[in-house]
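Each of the next two complexes has subunit A plus one more chain, namely subunit B in the first and subunit C in the second.
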Partner chain A sequence: MRRLLSTLLLAVVAGCASDDGDAPAVEAPKVAPQLAAHTGLARLTAAQYRNSVVDVFGPEVVVPTQLEPDVAQEGLIAIGATSTSISARGVEQYESASYKIAAQVMKSDSLRARAVPCAPTGPTDADCATKLATSLGLSLWRRPLSAEEVASVRDVTLKAAAVLGDFYKGAEYGVARLLQSPSFLFRVALGALEDGVRRYPSYELAARVSYFLWDTTPDSELLGAAANGALTTDAGLREQAERMLASPRARAGLRAFVTQWLGLGDLDQLSKDPKLFTYYSPELGPAAREETLRLFERVAFDEKSDFREVFTTLRTSVNPKLASMYQVPAPTRDGFGEVELPFDGPRAGLLGHISLLAQYAHPVSSSATLRGKFIRTRLLCGDIPPPPVNVNTALPEPSGTTRTLRERVAEHLVDPGCRACHTRMDPLGLGLENFDGIGRYRREDNGAVIDPRGDVDGAAFADARGLGQALRDDPRTTRCVSQYMYRYATGFYEAYEENPTIDAVDYSFRASGHRLDRLMLAIVLSPGFRLSGDPQ
Partner chain B sequence: MKKLTIPRRAVLRGVLGGAAVAIGLPLLDVFLDSSGAAHADGSPLPKRFGIFFWGNGVLPPQWNPATTGAGDAWQLSPILLPLERHKQKLSVVSGMQVKTGNTVPHKSGPAGLLSGTTVQQGGDESFGGPTIDQTIAEQLGAPTRFRTVETAASRGTATLSYTGVHASNPAEFSPKGLFDRLFGDGFVEPGAGAKVDPKIALRRSVLDAVGDDVGRLSTRLGMVDRVRLDKHLTGIRQLEQQLQRLEENPPNLAACKAPGAPKDDYPDVDGRQPLAEVSRAMAGILAMSLACDQTRVFSHWFSYPVNNLLYPGASAGHHQLTHDEPGDQPQVAKILGYVMTELAAFLDAFDSVSEGEGTLLDHSVILATSDVSYGRTHSLDDYPIVLAGSCGGKLKTGLHYRSPASENASKVIVSLARAMDVSIASFGNGDAKTSDGLSAIEAG
Partner chain C sequence: MVRARGATWLAALALAGCVGGEVDEPAGPSGPAATDTRTRAYVVTTLGFTRQTKPGVREGFDLDGRVSDKTDEATCFKADAVDPDGRGGIDNELSGIIPTVDGVFQGAVDGLVQSSIRDGQLVLSYELRGVDDLANDPEVDFVFQVGLKAHPSLGTDGVIEAYQTFDPDPASPPNTTNKAHIKDGVLYVGPLSLALPIAIFDVSFVLHLQDAQFRATIADDGSVDGLIGGGIVIQELLDGVKQGAGVEQNLPMIRLAMSASADLAPDADGVCRQLSAALSFRSKPAFVRW
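For the complex of A and B:
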C-alpha cells in the first residue's frame, strides 16, 4: 500500500514538474537530516590519477597506465576506492610511474617552467627547493603542506641534486616523492570537529567536490575558495559548484559516474564470437560506450532536459560503425554525429544502445537474465541475491518445441528454486530479445518470431521501446539514479539512516525537472556530502 | 661448466649511464658443491610454492582417475591424460571437501581452500584473510627480490591471492610486462656482481620519506583505514628491500639465465584470446625467475572464476557452457583438456630447468585447482586438486589419493605448508579448521 501511494504521488509530481524548477505543490519539500555519509580514505582511480597529473603538470605529459587496478565494490569503483588498499605490486607501479612523469616534466622547458616556480641558482638552492615543495605540494596533495612535510620534500630534492650535480635532476626526486605519497594517492577525508559537528574542512571538501564534479584535482580557483574559507559556507559552496557545473569539465565528472553506474568500463574487454557476429570488431565496445556517454552529456549539459528522456529519445550519436548496425545513414565519414532513429523502428533510448545490449549478453548469444539483472539492479535499484548452490542450471537446447530464449528459460519461472529470483530478471530481459548478443535487431530466433512482451512489475509493455517507456515512467528509476550518484559521490554504500538524505536529494532532482546537473548540485549541497563521520 | 660472461648491457650501463656502474664477477665452480645441489656453504637449493588456477571447475566423474594407489596402480582419466608425461612427478587428490560453507558460488570454494575463510558477503566478496601463498611467503621471509609474483594467462588483473581482507594482489597478464618486471632493468645475472648506482640509494630515500608520510597520516585514522595504510606501508618496505637486493651480490644459482624477451603483444585469434601461447610465455619467465631466486612463491591465474572465455571450437563461453550444456558436457570436457594441456606445458617449463641432481619442478610444489568442483552445480564436494613436484622430496608423487570420507581439504594445505618448512598451527575456520596434514601425500 505504501508503495502504491508513493507511486501515485510521484505520478502527479511528474505531471506537474515545470521547466522553471518550481516544486509541485502536492509534495512538501523533503529536508535532509543532518547526517553524514561514511568517511574514509579514497584511493585515486586510474582515471583520477591520470587527470590529476595532467592538470597539475600539463596535457603533454604521458601518464603511465600500469597502476594499481581499479576494483569495483557494491558495483562501483568509487566504493572499491574507499575499501581497497595499494598492493606491493601497486607500490612498484606507482613508483615507476612517478619517475617517468617527473623525468618528462623536468626534461621539457615548458613543463619545467610551469612546475618549478623559481630559477635555481644551482644544485644547492634550498630556497628554490622549498618553493617547489610548497607550490607543487599544494597542487598534488590538494592542501598546504606542513613545515615538516615541506622540509622532507626539500631535503629529498637537495640530496638528489647534490648526488646528481643538477637542481632539476634533484627536482625529479622531489616530484616523484610527492607523487608516491599516500597524501597524493589517497584522497584524505577525515573531517574535523567544530562546534560539536564533524564536517569536512575546506581543503578536504574542495577535493571531494572536485573529484565528484570533474573527476580530477581541484583547480586554483577552488583551492582559493578553500584557502579563504568560502567553501565551508552554503553560499560559497554553491557558487563554486555552480561554476564547476557550468564548465565543460563537468562532463568528465558525469561520464565517470555513468561509466561506473552502467558498468560501461568492461566494454573494452568484450568477448564476442566473430564467427557468429560478423559485425563485431574490438572497437565496437568503446564506440558503443561513447554513444551512451554522449547521450547523457546532451541531456545533462547541452539541453539540460529531463533525464528520463534517455529512455525514450530517438536522437543519438553514432559513428559509421554504429550507424551501419542501426541501419541508418552515417552522419559523418568518421567520428561521431547525431542521427534520428526511425520513429517506427524497434529502437529508442538507452535500452536500444549497443553498449548495454552487448555488455549484458553472452559471447555467443543474448541473455535475458544478464539484461534483466542489469535493469533490476542498476535501473530499478532492486536486489538479486546470488544463485543458490547445488541446483541444476542447465537450459534446454533449442529444439522443435523450445526455439526462442523465452521458451528455453521458461523453466526459470516455474521451478520453485529458480523463480523467486528469475521472475525479477528474465521477464525484463526478454523485452530486449529483439536484439542479439551484440545489439543488432532481429525479428526471429532459431526461426521462431520473438515475442518481446512483458511487464515491469505490473506495467505492461509490448516491446523494447515499451520497456523503455515503462522505465521512464517508473519513479524507481529516478530514485535509483539519485541513489547511485549519492553512493558514487560519497564513495560508500549508504547506511539505512541515509535514506531520508537520498529522498531529499531525489526530491530536488525531481523538482528541477529531472535535470542531472541539478542532481549533482543537490548532492554537493547535501549534508551527507559535507558532514563527516568519525574516521572509520 | 656453464660459461658465464659479463652481460654486455651491464657494461654499457656502466659506460653510458654516467653514474651506473656494473662490475662483472664470473661465477666460479667453487661456489657450488660437487653435486651442484647446494650452495658451497651447504645451504640447500630453495623450495618453491606455486598455485595454478583455472575457473569454472571440473566434471568430477570424468575428472577423477578410476582407480587409486601409486605407480601403475592407477591411470590418468581422459581429461587428465595431457599430464601423462608428468605422472610420476604429480599426485591427484580427489574426494576432499571444502568445509567452510558454500554461500557465494565460485568464490566460497577458493576462499575456503586457499585461505580457510568464508567470503565476505556483498561488496567485492573478498576472502576473509590471506591466502596460503601469501602466508607461506610471509613465513619464509625469503631474501628474494620479489616476495611473490602473480601472473595471468587471460587478460585482466584480478586474482584470488589475498594478503588480507579487500587486499588482493593484481596479476601481470602481459608476458612483456612480466619480463620487464623480472628481467628488465634491475635484473643482474648471477656472477655479475652488485649493481652500484647512486640512483638506487636515492630511490630508497624517497621511499623512506613516503613511509614517513604513511606514519604521520596513520595516527589520524580510524582502525579500518589504518589497516589499509599498513598494506601500503608493507608494499613500500618490500620495494625498499627489492632495491636493497640490487645493491647486493645476486644469488649464485647455476640454473639461472635470463630468458629471451617475449613478444610485445599477443592478439586474439578468431576472437579468442591466445591463452596457451600467453600461458607458455609466462611459464618460461616464471620458471626462470624461480631458478634465479627472484622469488620463491607465485600464483598463475590461467583463468578466473565465472570467466566466459571462448575456447577454440567451443560454441559458447566457458561459464555459459558449464551451466547450459546438456548431458555429459563434451564441450566443457574439451575445455578442461585444453587447460590440462596447458598445465602440462607449465610443468614442462619447470621440469626443463636442471637444478642440482633434479629439476626445478623437483624443488617446487604447485597446487593446481579451481573455484568449484562440478561447475554446473557449484558443488564443493570432491574438490579438484592436483599437486605437482615433490618439494625437495617432502611430498609423495605418482599417486592418486581418493578420500574415503570427504575429508577436510584444509589438510592438503597443511601438508603443503609443512613441505615448505612453514609451520602453521592450524589452517581454516569453523568446520574447515585442522592442524593435521594429509599423511597419505607426505613423504617420510
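For the complex of A and C:
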C-alpha cells in the first residue's frame, strides 16, 4: 500500500554540475512525490551476515559459510531478500553458525574483550550479563533492546553460566541467542506514523542507510545519530550519508550493488567446456569480477568521474591472468594493477570485460541472446518477456551457409514466434561476437570473418567499442542505473507511481555529472527511501 | 644461470618460451614497451629432441656449410643427412644419440624437458625487434633471453598460455644478433652464440651453443614453431655434468659416445670438438618485463 502525500519536496540535487553537454542545465529541477517505496522485512544476505558479524565482533572471526542461500528476484538479491523467509534447513544453519561464532568470541581474549563490556565477578554476575545483552544487542539488532528483551538474553546467559560454572561459557549462549533472533537475521522495516506521515524510525533508517551504503550493520556513530534523532532531519541524514560515502567502506556498498546489478555473483560458478576454452580456469571468473568492481570503484570514489566512462574507458585493472587474456603486459607479478588497453584495440570499457563476456555466454559458445538480453534489460532497462512455452529456442547448427552466429541467428529469426523478442536482444549481443565464450578476442567464427555491426535502436555501431559508445550516449543507460540502484536500496521492484521519484533521483545523478556517489546520496535522501509504506 | 628441475640424462636443454595459438587482438602491443608494436616477444612452450625419421633423414641445419659424406675429414667422417624437406648438408649428430638416451630413460627425456618448461623452471624467451612485416622483413634484431623461474599459467591442454609476462633472469645476459630476417613467413636467425641453461644429473650450468641457428614459421595465430640448432662443445658439456650424482663413473662412457658422434670444429689433430644438435620448439606470443 503506498501513501501519496500532499506535499512535494524538491529532490536533492547533489554535487556539482556536469561539465559536458549532457548536463540537464535546461531542465527544470525534478520534484519527487512524497511516496514511499514498498516496505517489508529484509533478510540479511550472506555477505551482510558475514560483514555484520565481523564488524561487531572483529575481523578474526571465521564466519561459517553454510547459510541460507541468497535468492535473486527481479534480477537482484536485494529484492529476493525482502520476499523470502528462512527454510527449516536455514534455521538449522543459522543456529549452528550462531554457536560457532559465539564460541570463537568467548574463547579469544581479544574478541571477548571487545564483546563483553564488563569483568564478571562470578559465573552468575547478573549486572555484567545485563550489560552484555544491552551493548551487544544494540550492535547486533541495530536498535536498543527493550527491557524484556534484555532480560531474555541475560537470563539465557545466566542459566547457562550457572550450569556450566563459567560466565563466559554462559555468555556463548547469550550471544547465540542474539544471533539466532529474527531481529538480527532480518532488517526490520516497519515504519511508524509520525505527524500523519509514515516514515522509518531512526534505528530502522540507520540500518537501511548502512546496509545500502556499506553493506553492513550501522557503526556506533550512525547508531548515535539514530539515538539523538539526527537521522529524522534532512541535514542530519545528509551529514551521516556524506560521512559514510567518504569512508572507504562505501566501496563495499557499491561493490555489492554492482555485483547484483550486473549479475557478477555467478562468476564463482562459471562453467566452461575445458576442451573448447583451454584458457578457462576456476580463478578466471572471480578475477574478472574484481576487474569490473575496481573499475566502478575508481570511477565512483577514486576519481569521482562521470559514470558513463565505464562504457568507454581504456583503463582497467588486471592481474597477470587477465592481462594475458587481454594481450597486454602484466602490470604486476601478482595481484591487480592498472593498464591502458590499446587505443585502437577491440576492447574498451565494461563491454570488453571478461566478467560480462564470460558470464553472458554458454558453456560451449558465446551467446548473442544472453549478451543482448543483458544489455537490453540491465543496461537499458527494457523488458524481455520469457519465451513462450514449448517454443524451440535452439539455434540451427553451423553449416556451410550459416557459419557465423549472426547467420544462424538470422535463420532463427525467420520464425515469427522467435522474432518478436529476439530482435530486441540478438542484434545487440552480436556486437560482442568478436569475443568468445570466455571473452577472448577472435576474428573469425567457424572460419568466417565476424561482422559485429549493429545499432542500438537506431544508433549505429561498428563493433563492441562502438556499442559501448552508443550505450554511453544513450540517456536510458543513466536512467537504468538510477532505477536499478533505487530498487537495490529499497529492496523492492518499484511501483509505477514511483517513476517520478526515480526521475528525480536520476535528475540529481545527471546534474552531479553522473557521479555514482551522488546517486547513492540522492537515493538515501529521496522520499522513497526515507518514507515507509504500510508493512507487508 | 637457470637451474632446471633436472633428474637425469639431458633432462633439460630447456628453452623456455612463449605459448601461442590464439588470434592476436588487432592492436595488442607485444614487447618490452606496450607502445612498441615493432617488437614481438615469444616464450618457448615446448622443446623436444629431434630424431632421425628414417635412415639419412633428420631435421636440423647445415651448420658447417658443407655437404659431407663419410669420407669428409672436416666432419670427422660423419655423413650429413637431408631434412624432410629435402635440404642437404644437415648436421645433427645428437639425433643419433637420442634413441640410446630414450632407451635408458624409457623415453622420458622429452617429458623431463617439458616438465621443466611447464613448471617454470626453464623459462626461455626471445624477441624480434624492429619488425615491419611479419611475412617479409630483411632486417630484424633477435634477442634471446633466459627468464626468471616462475610458474606460468597453463591452459587446460597443459600448454603455457600466450601473452603472459615474464621477467628476464638478471644472471643471464641476453644473446643478441642482428643476423635475423623473415622471408615468406619464416624466421631465420643466426649464426649466433647462444647460452642455454642445461640440467644434467641435477647439475645446472650454461651450455654455449656454437654458431646457433633458428628457423621457424610464423603462423597467423601468432605462434612461432621451428628448430634451433648449433654445435655443442663436448668438453663444456662434460665439465658441466661431471659433478652430478652418479655421473662420474659413467663419464668415460658419455665422453666416448659423444666423441664418437662429434662432427664439428676439428682441431689441429683432426679431432672434432663439437657435436651438432637440433631441437624442435614451439613458442607463443608473450611479453618480457625489462
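Keep in mind that, in the parts below, the second predicted complex is superposed on the first by the 508 of 536 C-alpha atoms of A that agree within 3 Å, B and C clash if a C-alpha of one lies under 4 Å from a C-alpha of the other, contacts with A are read in each partner's own complex, and residues count from 1 in each chain.
Going forward, a contact is a pair of C-beta atoms (placed from the backbone, for glycine too) under 8 Å apart; a residue touches a chain by one contact, two chains touch by 3 or more.
The structure displayed is predicted, hence computed values, not measured ones.
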Message: Both complexes share subunit A, so when I overlay them there, do subunit B and subunit C fit or clash?
response: fit
Query: Is A:Val328 touching the first partner subunit B, the second partner subunit C, both, or neither of them?
result: second
- prompt: So, A:His362: does it touch subunit B (first), subunit C (second), both, or neither?
  reply: first
Query: Looking at the overlay, what does A:Gln73 touch: subunit B (first), subunit C (second), both, or neither?
result: first
Query: Touching A:Pro320 in the superposition: subunit B (first), subunit C (second), both, neither?
result: second
- request: Could you say whether A:Pro342 touches subunit B, subunit C, both of them, or neither, answering first, second, both or neither?
  value: second
Query: Is A:Val188 touching the first partner subunit B, the second partner subunit C, both, or neither of them?
result: first
- prompt: Thinking of the overlay built on chain A, is A:Glu60 touched by subunit B (first), by subunit C (second), by both, or by neither?
  reply: neither
Task: With both structures superposed on the shared chain, find the angle between the C-alpha centres of subunit B and subunit C as seen from the C-alpha centre of subunit A, to the nearest 10 degrees.
output: 90
Task: Please determine whether it is subunit B or subunit C that touches the greater number of subunit A residues.
output: B
Message: In the overlaid three-chain picture, which partner chain does A:Pro274 touch, first (subunit B) or second (subunit C), both, or neither?
response: both
CA minimum distance (subunit B, subunit C), superposed complexes, angstrom: 8
Task: Return the residues of subunit A at which the contacts from subunit B and from subunit C coincide.
output: 274-275, 280
Query: In the complex formed with subunit A, which residues of subunit C make contact?
result: 22-30, 34, 150, 153, 155-157, 159, 161-165, 167, 285, 287, 289
Message: Touching residues of subunit B toward subunit A in the complex: what are they?
response: 19, 102-105, 108, 122-124, 147-148, 150, 155-158, 163, 166-170, 172, 177, 181, 198-199, 201-203, 205-207, 209-210, 212-214, 216-217, 220-225, 227-229, 231-232, 234-236, 238-239, 242, 268, 270-271, 273, 308-310, 315-317, 320, 323-326, 376-380
Field: Residue ranges of subunit A in contact with subunit C within the complex
entry: 274-275, 277-281, 320-321, 323-330, 333, 339-340, 342-347, 440-444
Field: Touch list for subunit A against partner subunit B, complex
entry: 40-41, 66, 68-69, 71-74, 79-80, 83-92, 95, 99, 148-149, 152-153, 155-156, 159-160, 163-164, 173, 176-177, 180-183, 185-186, 188, 190, 269, 271-275, 280, 282, 362-365, 386-387, 389-397, 493, 534-536
